[in-house]
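Please find the structures below.
Across the two complexes that follow, chain A remains constant while its partner is chain B and subsequently chain C.
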Partner chain A sequence: MTLACFVIPLGLIFVYSFGSENLINFNVEFGWTTANYRAFGSSLYLDTLLRSVVLSVGTTLACAVLGLTLAYFISRQGPRTQRLLLAAVIIPFWTSFIVRTYSWVDVLQNDGPLDNLAHTLGILGPSSHINLLYTPWSIGIGIVYSYLPLMILPIYVSLERIDPAIYNAGADLGATPWRQFRRIVLPLARPGLIAGSIIVGVPAMGEYVIPEILGGGKTLMVGNIIANQFQETGNYPFGAALSVTLMALLLIVLFVLRRYQVTGEPAT
Partner chain B sequence: MSTEPLDNATIALSRRALLRRAAQLGALPLAGSLLAACGSSSSNASSGAAGGPSTGTIVLNNYPDWIGPHEISTFEKLHPGATVKQVTNATSSSAEVVLAFKSGQYDLLLADTSDTGQAHAADVLQPLDFSKIPNIANVTHSFRAAYPYGIPTDYGKVGIGYRPDIVGEKITSWHDVWRLAPKFSGQVVFIDLERDCMGSTLKYLGHSSNTVSPAQLNACKNALISIKPHLKAFLNTNVGQGLVNGSTAIAMDWDYDVAINKQQQPKIEWVEPTEGMKAYLEGFAASKSTGHLDLVQEFMNFLLEPKQYAQFVNTTGTAYLVPKATPFIKSTISKNPILVPNANTLAKVEFDRYLGGAGATLWANTWQEVKAA
Partner chain C sequence: MNIRRHPIGAVLSALVIAFLWLPLVVVFIGSFDTNSLLTSWTGATGHWYSQAVNDPNVRAGFETTLVIAVLSSLLSLAIALTGALWWRRAPGRARLIYDGLVYSRIVVPEVVFASALFFLFLKLHFTLGLPAIVIGHAVLNSAYATLILQARLIGLDPALEEAAADLGATPWRAFRRVTLIALMPAIIAAGLLAFTFSLDDVVTSYFLQGTSQSPLPIVLLGMIRFRITPEINAVGVFVMLLTVALLSLAVTVLSTAGRLGRSSRRSRLVSLYER
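Let's look at the complex of A and B:
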């Protein structure tokens, strides 16, 4: 199963990445050229890759902060409340990802609920608008919203295993709530944080639906360029080379995080 | 100018909106391929003898709802033993259209002039015997000549939709759009398709919308990058919808989209820019792999019968090219000056042509640089 669904398709993408394509009839010729990889060195693709890194790292950090806070809050509730709150985290997944993403267009647009709230609270003047939709910020909001549950759940799993007596012991020894959080909660949540960062960061890096819907076509991520090569330009070899490069970069990141997760120290 | 509202069906349909949304969902290509594979004509059908009734199943690749609601069922009633299976898997990407022609899954496909040009170059088109499609004579000659590989069905111009009450002055040209963009920064939208957006920008610069000159395309890229900071978005769905509520002041938009939105917001005005307009022309072409050419040609001939063709136009609200269908077409369409321009305007419209393999790649790369900038 792994061979058929994972190894063979990946192998095909790797083989395609060294091919070239007749751009009239779209026949792929496997000449083992490295031209597709060399093309990736142009500023167009490097700038887009950098933008993708910034957006994925930023949104992963935002998910980590929000996820840790929410997971900690949930883990400190009674069993019944915990079940209710976890259901609230999971229930949005029952709705289509596309529908949830499109709903943010309505929320973020001028004269939308967020804009109206800002006017009601007096944050914006009568003739001003939030102007959030179709900006990198709206992409970031969309990614955080979509992936936050994937951060909360592994952190929650780490935190709910903590014996409440440990908190009591810390308090008895004079630790302030902040010190308890820093010295007890954070270290024990680390495996969940790293797992959540991998689960969120990897797909966020290759994300292309959210930038397409919430970016207004003005902010490309590397996922959009890859999708474009397959869906629009029809240059499968170049799309495959971009995919292999992205996978290689993510494998390096995963390797470093894995080492950090196992040893508790940064990989050297 | 007509202000009589189009019916709900017309308002609800936006060919490219539906198409692009489907592409974003990423689901229709797969579903379409599976459906087509299940219903591949070569597996279960046979053609009638030449001159006799044709039977069997043909697979049509089309945009969602881009056909009259009863056209297929009426054809099947008139041709016992014939079945038309429609797969709504059509795309605006020439690469995907050519790959669809090559796939052997479809007998006839919706494709524009650029797509069919490339498909012809790739030798995946089936030449037609137009003596078996006598209704081709119903199509205006210029459109027929511009679409030689199949039956043309519709066309659409790219112009300007704007709100004079917001802009405060009359817009007449693409130059006005570039000039006013800084003043209405964040209230201007452009189309998110390279042929339409770059083609219109080339018109702004005074060039052909089919140029493959690297220098002219570079100038086009720079013009788009210069205006990009002022754009609210490049959109491929609901391009002109912001004109209705005023969140968009100026839009590069398709004629049919402006016509639809004007029904909801009469303050919207359509501009045919003085520099000229580019337009797409599309229709149905047969795949070389079809084993049912007679049935395909009978179906094509049926689609061009004036009453049937009118059903298609009344459903989609598109600009039309079969004058004999006019009596059967709703007056809100047939008398709409946005959709039915006069001869002088039409003469200045430049239709998309096939750019060649190298040209198409240059366009794609230029467009990607614009988007990534």
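Let's look at the complex of A and C:
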């Protein structure tokens, strides 16, 4: 009986997973296939694709650095403090995605808190502004902000299991804190770092909402171009071709990271 | 040298946590600002909350969002529950395929998924609108619901159901009185999770809404494009409190049940967290 019940959802899932291939059939029927892929040749789309890759890699790296710092710090605290700090990381992540993202418009805009701070500290002259909002930087900040908890948690999980005695052993053997970090923490955090990079880098690549809000329609990413094909331009086959390309790119990245995760040996 | 209290680590960590909280504080303060341009603080007022409640756009959006969230979380549960129960007794290879399908729904960028579904509906001549959004959300969120149910099923001893059968219970009765009861906390938590994700969704709704009333996040997105006002902040605070309350409830349900089960508090936090 459960098997019969499963056929319906399985059918749905299958329909969806083949959906992206059906798109191509759809294109072929209209004889547009190569034209859609050739349209990438225009520098506008290549620029956008490149920008998406740079933003996704850059934000993943930034998340990795910040995430490793915080995850390491949390994992070295007592159990009560650990739980408190984890809650401090998770609760902002639970709040509405839209709210979390547009709040950065408040923070980053000229005459906003950050701008005022820069003026108070004398970093900026009275007549100049930070001009961060609606640039690739603001999109990057938004992505790092939204995905950072997704990096902290897997790293924390892999560090949390480490016996503190290992650190003491390192210290007893005369390792400096930096050396301990490099030789003990980094290799042990590796599985968490890779898992975190997958769940940060992949969705960041196809991000739509963040560039829509923080890019101000100027600095677009692939996700926005795809959405525009469907909502505004109405060029469905081209949007589909973009979707398939994005998917293919991500599959390659996943495959590489996966291999790394399986065959990668702890750095020595 | 005690790394645990190393000052550099503490300062950096404090900065990262401040980074995570700063924007939320700004939204919260901004929702009380009497200055409608939000350029400088001129005093506190609750006016924006009443304006938000009386805004017909916001109201209609919120009602649509609620309807979608209720229907899609129920559908998600149905998909996840039947799937997870089947998965429990499935042969190894089928299990692998099933796991692959669950994870692929989480990893595939939402834009790609939403556009694929858009195509499918177009080909089937299925009218876009509320039902389409419900289906889209259910397919997506049932993956997260499945993960929670699977975690609970792994800890469920089949001997319990066998005992029920030995005592003369029909399979349906054994399922209802043993399996379903044991799964109840996971079902509630999975449902709440699917509900919250549906409340929050933008991309799938945006693709599948057609010409029908937009759900609240899309209404908000439209308002933000124009200008950020204290009213938007007030709606934001409201949505923020709602999602935090729902997810806290989900964690509480899971951890109360966890004292009887075997999964650790930490693994539950993790499972709720990997959206």
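Following the convention adopted for this analysis, the second predicted complex is superposed on the first by the 231 of 268 C-alpha atoms of A that agree within 3 Å, B and C clash if a C-alpha of one lies under 4 Å from a C-alpha of the other, contacts with A are read in each partner's own complex, and residues count from 1 in each chain.
Here is the rule we use: a contact is a pair of C-beta atoms (placed from the backbone, for glycine too) under 8 Å apart; a residue touches a chain by one contact, two chains touch by 3 or more.
Note that the coordinates shown come from a computational prediction; the quantities given were computed from them, not determined experimentally.
In the superposition on chain A, A:187 makes contact with neither chain B nor chain C.
Using the contact criterion defined above for the overlaid structures, shared-chain residue A:111 touches chain B and also reaches chain C. More residues of chain A are touched by C (comparison of chain B with chain C). In the superposed model, A:48 makes contact with chain B only, not with chain C.
Of the two partner chains placed by superposition, chain B and chain C are both touched by A:209. With both structures placed on the common chain, the touch criterion links A:98 to chain B and to chain C. Looking at the shared chain after the overlay, A:131 reaches chain B, while chain C stays out of its contact range.
Judged by the touch definition given at the top, the superposed model places A:90 against chain C, while chain B stays out of reach. Of the two partner chains, chain C is the only one that A:250 touches; chain B does not reach it. Common to the chain B and chain C contact sets on chain A are residues 22-23, 26, 98, 111, 209, 212-213, 231.
Chain B makes touch with chain A in their complex at residues 23-26, 91, 93-96, 98-99, 102, 118, 121-124, 186, 192, 228, 231-236, 245, 247, 356-358, 360-361, 364, 368-369, 371-372. For chain A in complex with chain B, the touching residues are 22-26, 44, 47-48, 98, 109-111, 131, 133-134, 209, 212-213, 216-218, 220, 224-225, 228, 231-235. Considering their complex, residues 1, 3-4, 6, 9-10, 12-13, 16-17, 19-24, 26-27, 30, 38-40, 78-79, 82-83, 85-86, 89, 101, 104-105, 107-113, 115-120, 122-123, 135, 139, 142, 196, 199-200, 202-203, 206-207, 217, 220-221, 224, 228, 232-233, 236-237, 239-240, 243-244, 247, 266, 269-270, 273-274 of chain C touch chain A.
Note for the complex: chain A touches chain C at residues 2-3, 5-6, 8-10, 12-13, 15-17, 19-20, 22-23, 26, 66, 69-70, 72-74, 76-77, 85-86, 88-100, 102-107, 111, 113, 145, 148-150, 153, 157, 160, 167, 171, 177, 180, 198-199, 202-203, 205-209, 212-213, 222-223, 226-227, 230-231, 236, 239-240, 243, 246-247, 250, 254.
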